[in-house]
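Paired with chain B in one complex and with chain C in the other, chain A is shared by the two complexes that follow.
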Partner chain A sequence: MTAQDIIRTRAKELLESGEVATFIGWEAGRFENQTTPLVITDAADADKLVFNEYCVNTLAKYVRDVIPRGKVGLVVRGCDSRGIIRLVADKVIKREDVYLIGVGCPGIKDRKTGEMLKKCAECRHNNPPEFDEMAGEVAEKPVAVERFAEVAEVEAMAQPDRSRYFESVYAKCIRCYACRDVCPCCTCRECFVDQRRENWVGKQNNVAENRFYGLTRVMHIGDRCIECGECERVCPMDLPLMKLNRKVIQDMNDLFGEFESSLSLEDTTEPLIEYRLDDVEEFM
Partner chain B sequence: MSRIGVFLCYCGSNIAGTVDVEAVAEMARTLPDVVYVETNKYTCSDPGQEGVKNAIIEKGIDRVVVGACSPRMHEPTWRKLLADTPVNPYMLEVANLREQCSWVHKDKEIATEKAKDLVKMAVAKVARLQPLHSIEIPVHKKALVIGGGIAGMQTALDIADAGFQVTIVERETSLGGKMVMLDKTFPTMDCSACICTPKMSEVGNHPNITVKSYSEVENVSGYIGNFEVTIREKAKYIDYNLCTGCGACETKCPQKVTNDFEQGMAQRTAIYKMFPQAVPSKPVIDAAHCRKLQEGKCGVCAKVCPTGAINYEDEDKLTTETYGAVVFATGYKLIDWKPLYPEYGGGKYEDVITGLQFERLVNASGPTEGHILRPSDGTEPKSVVIIKCVGSRDPNKGKAYCSRACCMYSAKHAHQYLDKVPDGRCYVFYMDVRTPGKGYDEFYMNTLQDGAQYLRGRVSKIYRENGKLICKGEDTLTSQQVTVAADMVVLETAMVPADGIDELAAKFTVGRDADSWLVEAHAKLRPVETNTAGIFLAGTAQGPKDIPDSVCQAGAAASKVIGLLNKDKLMSNPQISHVNETLCQGDGACVGICPYGAISIVEKQFRENSRKVVRPVAEVNPGLCQGCGACTVTCRAGAMDLLGYTNESIMREVDALCQW
Partner chain C sequence: MILNKQKVAALLDHLSGARDVFVPATVDGVAKFARYGEGVQPDFGMVNTTMPPKDLLFPQTQKMYHFDVDANGSYRIHEYDESREQVVFGIRPCDMRSIVCMDEVFLTKGFVDEFYANARDKLLTVCVGCAQAAETCFCDSMGVDPQMAPNADVMLQDCGDAYLVLAQTEKGEAEVAEWSAFTEEADAQPVTCDLTLKVDMEGVVDKLEGMYDAPIWDNLSIKCLNCGTCTYVCPTCHCFDISQDMRRKDGIRFRCWDSCMFSEYTMMAGGHNPRPEKLERVRNRFMHKLNFFERRYGMSLCVGCGRCVEKCPVALDITRLIDEIGAYDA
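Let's turn to the complex of A and B:
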C-alpha cells in the first residue's frame, strides 16, 4: 500500500469511528501537478485525499480554524508536525486535540518547473518528529545545505548596499499579510498590525511602515520559527523573508548555542523570551 | 472630551534659566483638549500648589500635566495634591523639564524646543490615561535584618525597642561583624570591643530579637508588608539548648585550622567560637575540618562535653517566615589586593599586611596580645610604612571610589604604632588626606605631632633586601624619589561589598551599582530606601562608611521600618500590569519573565462567537506586581499592559514627538 492508500483508509476509519471530527489532507487540484488542502468531515470523502510530490501547503495552521468542531486528524510531514508542536507550545491547541498521521516527505516540487521547491531544498527535517502513527516508510534525510548561506550573502554587503537592498525589498511589500496568515508561529489572537487602538504600524504603505512590520514580525517569530519556508513561498511579491528569519536564528545560535525550534514537545524553548540567571549578557 | 490643565514651573532659574517657559506655555495653549495653562516660579511651593488646586476647581480640569522636575522628585507631591481634588491622582503626567532638559542643555533655544516636545508628549499621553485606584494590603509586623555587624545590630535594636519583632540573620557564627575585630575607634580611641560587645549582648538578650547565627537567606517571595523569607540555618552540630558554652570542647579538639577572625595570623580548633565574647556564646563545628565528620574518627568533643550537646548527625534547617520589612546590613570586606598589586609582593612577603591584620596585631585580645610584632619573625618592627588607597581611587587596578574610612584609620594606625613603639618610625604614603568629620582633622594633626611622616605619593614597588622591605615611591611635594627600608608595611586596602551580595540582592530584586554596592532609591532624599518597596539599607552595604555613619544610617533605616510596621494596611500602587484577556492566549511568556512571581496562568470561561470556551489566560496578583513592565514587552500579542503607562498612551507620546 502506498502512503496515499494508508491515509485514505485511516482517515475513513477515524471519521467513521468518530475518533476525529474533521480530517485535513490534500486533494487533487483543478490542474495537473496541483493540489489544494482539503478538510473533510464525512468518511465518504476520504477517497478524495491525495498524497504526492505536489502537496505544497503546510497543514498545521488549518487546525486552529477547525478545532471548535472537535478532534482533528491530519497528515503531517516534518514541517506540518513541527507546526503542530509549535501550536501546542503556544497553547493554541492541546496535543490531545489532534491525531497525527505521519508521512516521510521526499520534498515537494514546483508545479510549474518540476524542480524541488526552495523551502524543501533547504529542509532539515522531512520526517515528522511528532506523530501518532506513520503511513508508510520514513523518507531519506534531505541533502544538507548551508543553513545560513543566504544570511552570509547579505552580511557580505557593504553597509549602504545592505541598506539599499532592504529598502528595495520593503518597497515591494504590499502588506497583504499572507506571510503572517500562513505562519504556524503567528498565532496571536489579534496581530499587532491589527491593533488599531495602539496603532503600532501605520496604515500607509511605504518603506518605513513596511519595514517596521517586517522587523517586528521577525522578532515575534524569530525564536519559534520552524523554518518551513511557507512565508517566502506564499509571498506574492517574492520577498526573501527567510533571510531575516535565519539572521535571527543565526544570532541566537551565536548567543545561546546551537538552536532549532520545535523539534519535540518536551523542549519548546524560546530563547528570546526565556530568562535565566546565567543568561549570556554580552551587552552588559 | 477631556479638559487638560498644564502647569509649568520655572523652578527658580533651574528651568527658566535654560528654557523659555512662557514660550512653552504659549505652545501648550494651542494643544488639543488643553483648557488651561499656568506658569509659576515654584509650582511645588505651598502657594504654587494652592494655585493648581484652585485652577482645577475653577476650570473644571480633569487631567493634569505638570512640566517641572523629574517625576522621581515630585510626582508623589502632585498625586497627593490631586487626591484632595475631584481629579483622580493617576490622571497626571509629569513632563521632566529639569533633569532631562534644562539641566542637561546649555542652548536656550534648543532646550525650549525640547521642552515643548516634552509637554506635547505629556499632553498626548495624559489624554489617554484612565483613573486608577489603590487596594489595601496588610502589613506583617515583623522585620528581617540581614547582617549582624554594627549596622545590623543597631537597626535591630532600634526596631525592637519600638516594640516590633526582629530577626537578625548572620552568616558567621557570631554577631559583631567587622567592628568587633577592630582595636580602637577613631577619633576618640574608644576600645572597639568595649562598645561593640555590650551591643552584641543587648541584641542577644533582647526579648524582641531573634538571632539566627550561621544562617543565610535561602529564598524570598512576596512584597512590601509580606516578604516570605526562607532562612537556611547551617548545621552547627551542637544542640544550643543543651550547650552551656563552657568551652571544654575547644580545649580538647585536636584539629587546628587557620583562624579567619585573626586574619590568618593564628590558629583555631575545628570546634570553635569565633572569639571569646561571641554572641551566641556557643561554639559550632567547622564540618570541613572536623576529623569526626570528615574521617569518622575522633569524637573527642562529644566525649568531653558535660551536657552531651554534640550532635554529629545535625543537618541544615530551613525555616520560612513572613516579614513586613527587610533591612540589608550586609557590610563589606577588604579587597583581595594580592592579585592586583604584584609590585607590593602580591602576598609573597609576610610582613606586608592589611589594615585589618594590623588591627588584630595591636589588639590586646589578638594573636600577639597587643604587642606589635612582625608576622614573619615575631620581632618588633622599628620602621613601618603605611600605604593608603590600595585598591581605592585606582580605577586601573582596583576601584575608582574612595573608601572613606582609610584616611582616618591609617592616622589611627600611625598613632597606635608610635604610641606602642616609641623609638619606631612611621611613614604614611598618601594621595590626599580626607578628614571631614567631627574631631577628625584634630586627630590627624595629633598623629602628625606624634611624629608620623606623611609623604604625598604612591609606593611603586616593594621588595625585600637584607631582611628589610624596601619601599620605593615618590614624594610628589618635593618631586623626589623616596626609598624607605621598612620592617613592616601596612596596606590600607579598599572596601568592597561582602561576598555573595549579587545573588542575595537579586533574590530581593535590590539594585546594585557597577561595584555591587546596593543602590539607594535617591542619593539625597531617600538614602536608606531601595527601589523595591519595603527593603532598606544600613551601613556599608550601600557604600564605604565609617562606624558613626553606619550607626547613623542604621537608625535611619530602623525609623523607616518602624514607620512601615506601624501601619496596619498599605495602599498598593495601582500602576501594575493588566491582562487584556481577549488578546491573551495563555502561552505564559510573561510568567517566566516576571521577577516577582506575580503572574500565573488560569483557565477561564469566555463567550466567543456565541460559544462558551474555556481557555488559559494570564492573571496578575496585584499585591506582588511592582509595575516593572517586563511582561508588557515580553507579550508578543500585546495582551499585557502597564496601567498608567499603557501601550496606547506611549504610542500617542511617540506620535506627538514625531509630528512635523
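Let's turn to the complex of A and C:
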C-alpha cells in the first residue's frame, strides 16, 4: 500500500469510529500537479485525499480553526509535525486534541518547474518527530543546503548596500499578512497589527511601516520559528523572509548554543524568553 | 492603422517626455505597471502582472489632507491633489474591465470620489490585446474579450509583428493623431487568443440569492488563511480605510487599501464584529464578486484575470467555487 492508500484508509476509519471529528490532508486542485488543503468530516470524502510530491501546504495551522469541532486527525511530515509541537508548546492546543498520521516527506516540487521547492531544499527534518502512527516508511534524510548560507550573503554586503537591500525588500511588501496567517508560530489571539486603538503600526504602506511590521514579527517568532519556510513560499511579492528568520536563529546559536525549535514535546526551550543566570550578557 | 512592434520603444520615449507612462515590467522581482524610464524594461509578452494597475487610480496609500494649528490655535487644513497626467500603456482587456467596475463605484450613484475622478480624468489608457493566455486566465467566461476592451482610449490588437491601432474615444483619437511618426496606414488581422480555463456563469448570479446559508461556504472558507493576498492582487477590490498619522499638532489624513479578509475590517466601535469568522468573510467576498455587485451595477466584479487563482497561498480557487455553485442542488 502507498502512503496515500494508508492515509485514505485510516482517515475513513478514524472518522467512521468517531475517534476524530475532522481530518485534514490535501486534495487535487484544478491544475496539473496542483494540490490544495482539504478538511473533511465525512468518511465518504476520504477518497478525495491525496499524498504526493506536490503537497505544498503545511497543515498544522488549520488545527486551531477546526478544534472547536472536536478532535482532529491530520497528516504530518516534518514541518507539519513540528508545527503541531509548536501549537502544543504555545498552549493553543493539547497533544490529545490531535491524532497524527506521520509520513516521510520526499521533498515537495514546484508544480510548474518540477524542481524542489526552496523550503524543501533547506529542510533538515523531513520525517515527523511527533506522530501517533506512520503511513509507510520514513523517508531518507534530505541533504539540506547550508543553513545560514543566505545570511552569510547578506552579511557580506557593505553596510550601506545592506541598508538599501532591506529598503528594497520592504518597499515591495503589500502587507497582505499572508506570512503571518500561514505561520504555525503566529498564534496570538490578536495580532499587534490589528490593534488599531493602540496603533502600534500605522496603516500607511511605506518602507518604515512595512519594515516595522516585518522586523517585529521576526523577533516575535524568533525562538519559535520551525523553519518550515511557508512565509517565504506564500509571499506574493517574493520577499526573502527566511533570511531574516535565520539571522535571528544564527544569533541565538552564537549566544546560547546550537538550537532548533520544536523538535520534541519534551524540550520546547525558547532561548529568547527563558532567562538563565549563566546567559551571555554581552551588553552589560 | 498599425503600429509595428519594433516602433513601440520609440513611441514610449515620445510619450514619456511630458507624462508618466506606466508599462508592464518586472522591477525588483515584482511584475507590475512600472513608470517607464531607466532600468524599466517593458514586457508586453507577459500575460498578466502580479500587481494590478489599480494603484494608478487608487493608490495603496493616498494622502487626502494635512492639518496643523496656526499661531492663534485654529486648525488649518491643507488639501492634497497628487493626481497628474498618466498613461498606462499595455494594460490588458481584463484590467480595462476592472476600470469599468471602479468607475461605477467611485463616480456613480450620486457621489463622485474626487481623488479617483481627478486621477481618472488624467489617465490615458492604451490597451494591448492578448495573443496568449495564462493557464489561470478565464476572462472570456466573465464576458471580457481578450483582444478587445471597448472602454480603452486606444486599443492595440495583437497581430503578431504589429498592433492594429483603434482609437476608441475622443481622447484616444487626439492621441493617435500625434502618433503618425510611429504608425503606418495598413491593415492587419488580430491573432486569436484561446483560453483553456472556462467557467459557466449561466444562472450563477440568481442561484446565489438562495445560497446564503449553503454548506459550500463552510467547505470553502475552512481552508482560507484570511490573508489579504486575493484582495490586494485583485484589480477590482476597492475597499479602503481612512486613518491618520499625528505628530503633536501636525497630522495627515490618508486612505489606504483595506481587505474584507481581515478580522478588524468589520470591527465596530464598541467591539461588535458582524463578520466574526472566516466563513462570513469568505462568503462576503465571493458574494460581492459574483452577486452583490451584479445587483447594484449590473456587472460582475470578477473580470477573470486569474491573479487570485495564481497567488492564493492555499489554492482557494474562485473558478472551482463557480463550478460548485453551478452544481449545487439545494
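Basically, the second predicted complex is superposed on the first by the 284 of 284 C-alpha atoms of A that agree within 3 Å, B and C clash if a C-alpha of one lies under 4 Å from a C-alpha of the other, contacts with A are read in each partner's own complex, and residues count from 1 in each chain.
One rule holds in what follows: contacts are C-beta pairs under 8 Å (C-beta built on N, C-alpha and C of every residue); 3 or more make two chains touch, one makes a residue touch a chain.
In this text, all values refer to a predicted model and were calculated from it rather than measured experimentally.
Chemist: Figure out whether A:57 sits in contact with chain B (first) or chain C (second), or with both, or with neither.
Modeler: The answer is second: A:57 touches chain C but not chain B.
Chemist: Determine, for the superposed model, which of the two partners chain B and chain C contacts more residues of chain A.
Modeler: Greater contact footprint in residues on chain A: C.
Chemist: Between chain B (first) and chain C (second), which does A:159 come into contact with in this model arrangement: first, second, both, or neither?
Modeler: After superposition on chain A, A:159 lies in contact with neither partner.
Chemist: Going by the contact rule set out at the top, does A:270 touch chain B (first), chain C (second), both, or neither?
Modeler: first
Chemist: Quick check on the superposed pair: does A:176 touch chain B, chain C, both, or neither? Answer first, second, both or neither.
Modeler: second
Chemist: Considering only touches as defined above, state whether A:92 meets chain B (first), chain C (second), both or neither.
Modeler: In the superposition, A:92 contacts chain B only.
Chemist: Per the contact definition in the header, classify A:200: touching chain B only (first), chain C only (second), both, or neither.
Modeler: After superposing on A, A:200 lies in contact with chain B but is clear of chain C.
Chemist: Given the touch rule stated above, what does A:113 touch, chain B (first), chain C (second), both, or neither?
Modeler: In the superposition, A:113 contacts neither chain B nor chain C.
Chemist: Help me check something: in the complex, which residues belonging to chain A touch chain C?
Modeler: 29-31, 34-39, 57, 61-62, 65-66, 168, 171-172, 174-178, 180-182, 194, 196, 202-206, 230, 233-234, 236-238
Chemist: Which residues of chain A touch chain B in the complex?
Modeler: Going by the criterion above, the answer is residues 68, 89-92, 187-190, 192, 195, 197-200, 220, 270, 273-275, 277.
Chemist: Show me the residue ranges of chain B that touch chain A in the complex, using the header's touch definition.
Modeler: Chain B residues touching chain A: 506, 582-589, 592-593, 609, 611, 615-616, 634, 636-639, 647-648, 651, 655.
Chemist: Which part of chain C faces chain A closely enough to touch in the complex?
Modeler: 28-30, 50-51, 60-61, 135-136, 197, 219, 222-223, 225-229, 231-233, 241, 243, 245, 254, 256-257, 259, 262-264, 267, 278, 311, 313-317, 319-320
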